[in-house]
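Order of writing sets the chain letters: A, B, C and D. Residues in each chain are counted from 1.
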Amino acid sequence: MKIKSYAILKDYFPAEVQHSSCPKTIAELKEQLSQQNPSAKAILDLCRFAVDDAFVSLNHQLIGNEKISVIPPSSGG
Amino acid sequence: MKIKSYAILKDYFPAEVQHSSCPKTIAELKEQLSQQNPSAKAILDLCRFAVDDAFVSLNHQLIGNEKISVIPPSSGG
Amino acid sequence: MEYILTEKIDIAKLIADFEDDSAGAVVIFNGTVRKRSLGKEVSHLFYEAAEEMANKMMEEIIQEAKEKWDLSSVIAFHSIGEVAIGESAVFVLTSSPHRKEAYESNRYIIEKIKHELPLWKCEHFVDGEKKWGGNCSCQEITGDANVHIYDK
Amino acid sequence: MEYILTEKIDIAKLIADFEDDSAGAVVIFNGTVRKRSLGKEVSHLFYEAAEEMANKMMEEIIQEAKEKWDLSSVIAFHSIGEVAIGESAVFVLTSSPHRKEAYESNRYIIEKIKHELPLWKCEHFVDGEKKWGGNCSCQEITGDANVHIYDK
């Protein structure tokens, strides 16, 4: 599965990366990312997640071939 | 005293006229105008009055040489 | 400063000329002449004012807004005389570091202008009729001079 | 329709080109880049977006606004990439026969953009530092990501 990180998240993760573990849900993916970089936990807790450009909840089930976007809090305007 | 009428009031009174009676207050002037043209009473009840370009209350005392503006409800914008 | 203008309000120029590096939030209200009113086709509008009083009151309204909100700049104009369909009758620009202040002050100024400025609209219709605004025309629809169509 | 723009938003042109005889009330919000932020001098801003998602969400926000309010027209753009001091980062125009609707819908759209659009500001300061906006920068002053400076 492909993981895209945006804005401040790119200080913690690559902008785009192939995620090798196989999380079954978004919640599990989030946990894996937190373990991968513990200093990102606080910001990950504020993030929304999207699968193939549609926002999903933490219990969203994953197959393994999705494009996941990790969306930090908006700061437009 | 000179009386200036604006907007819809000009359908009832001249735009500018010398008022010959000597009202002692704005309330008395308003009463005289209502008697002069009874069909204007409803609109006069909604009007504000100004003496020499400053808004005054109905109990404002008049000397006799003032310029009175009769100000119908605003309709700007 | 003249706030009551007989010449046309050039919105695009006002905005192009406006510069304010410290603001961040710029809110603009442009009140234009609608082609229909009270179910009839409008030919044009004519505005009359107790000019000196209206000008002084605009100055006061702007001062009040500046005291109530943290504003970088305020621009406000009202046209008098004939105003064509689509043209600007009233223009208010407020800018502030904070958008909430820019919005609230803008609306405050417009409400004050609409309800208190000694200035009156006369609608001229295509059928030849004309009609002075009293309070506003809302009462013809709401049946109450104190209830406006947007309050319903 | 593209709502997320890499080219400069030309406010004066947008307004000069805008025509709406049926509206009467036109409210414009122009969010510009301030020369100071967090007590420091800003060099420029850089905006990044999850572009497709942001574009789709803008479409949805505009649709929502049109359902909630009686609007004649809605125009909304957000810049991405580098935006210079004083330039427009976000532009929202709403027009309606009723000013209340034009103001409320305009502010609704801006709040949605600021709080929900997948789009991020990075402030570049004259001293060489840069700082990504998180929620907004208000928390640095209020100490709480949910309390904005204009709420205080």
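Observations on the model:
The rule we apply is simple: a residue touches a chain if its C-beta (ideal position, glycine included) is under 8 Å from a C-beta of that chain, and two chains touch if they have at least 3 such contacts.
Since the structure is predicted, the reported quantities are computational estimates derived from the model, not experimental observations.
The minimum number of touch steps separating subunit A from subunit B is 3. Greatest Cα centroid separation from subunit D: this falls to B. We define each chain's centre as the mean of its Cα atoms; on that basis subunit A and subunit D are separated by 25 Å. Centre-to-centre separation between subunit A and subunit C, using Cα means, comes to 49 Å. Taken residue by residue, subunit D touches two or more other chains at 31, 99, 110, whereas all remaining positions touch fewer. Multi-chain contact residues of subunit B (touching two or more other chains): 77.
Pairwise chain contacts present here: A-D, B-C, C-D [touch as defined]. Contact residues of subunit D toward subunit C in the complex are 11-13, 15-16, 19-36, 85-86, 97-103, 106-107, 110, 149-150. Remark: subunit A residues 4, 6-8, 11, 43, 46, 48, 50, 53, 69, 71-77 touch subunit D in the complex. Across the complex, subunit B is touched by residues 31, 47-48, 50, 52-53, 56, 78, 89-90, 110, 113-122, 132-137, 145 of subunit C.
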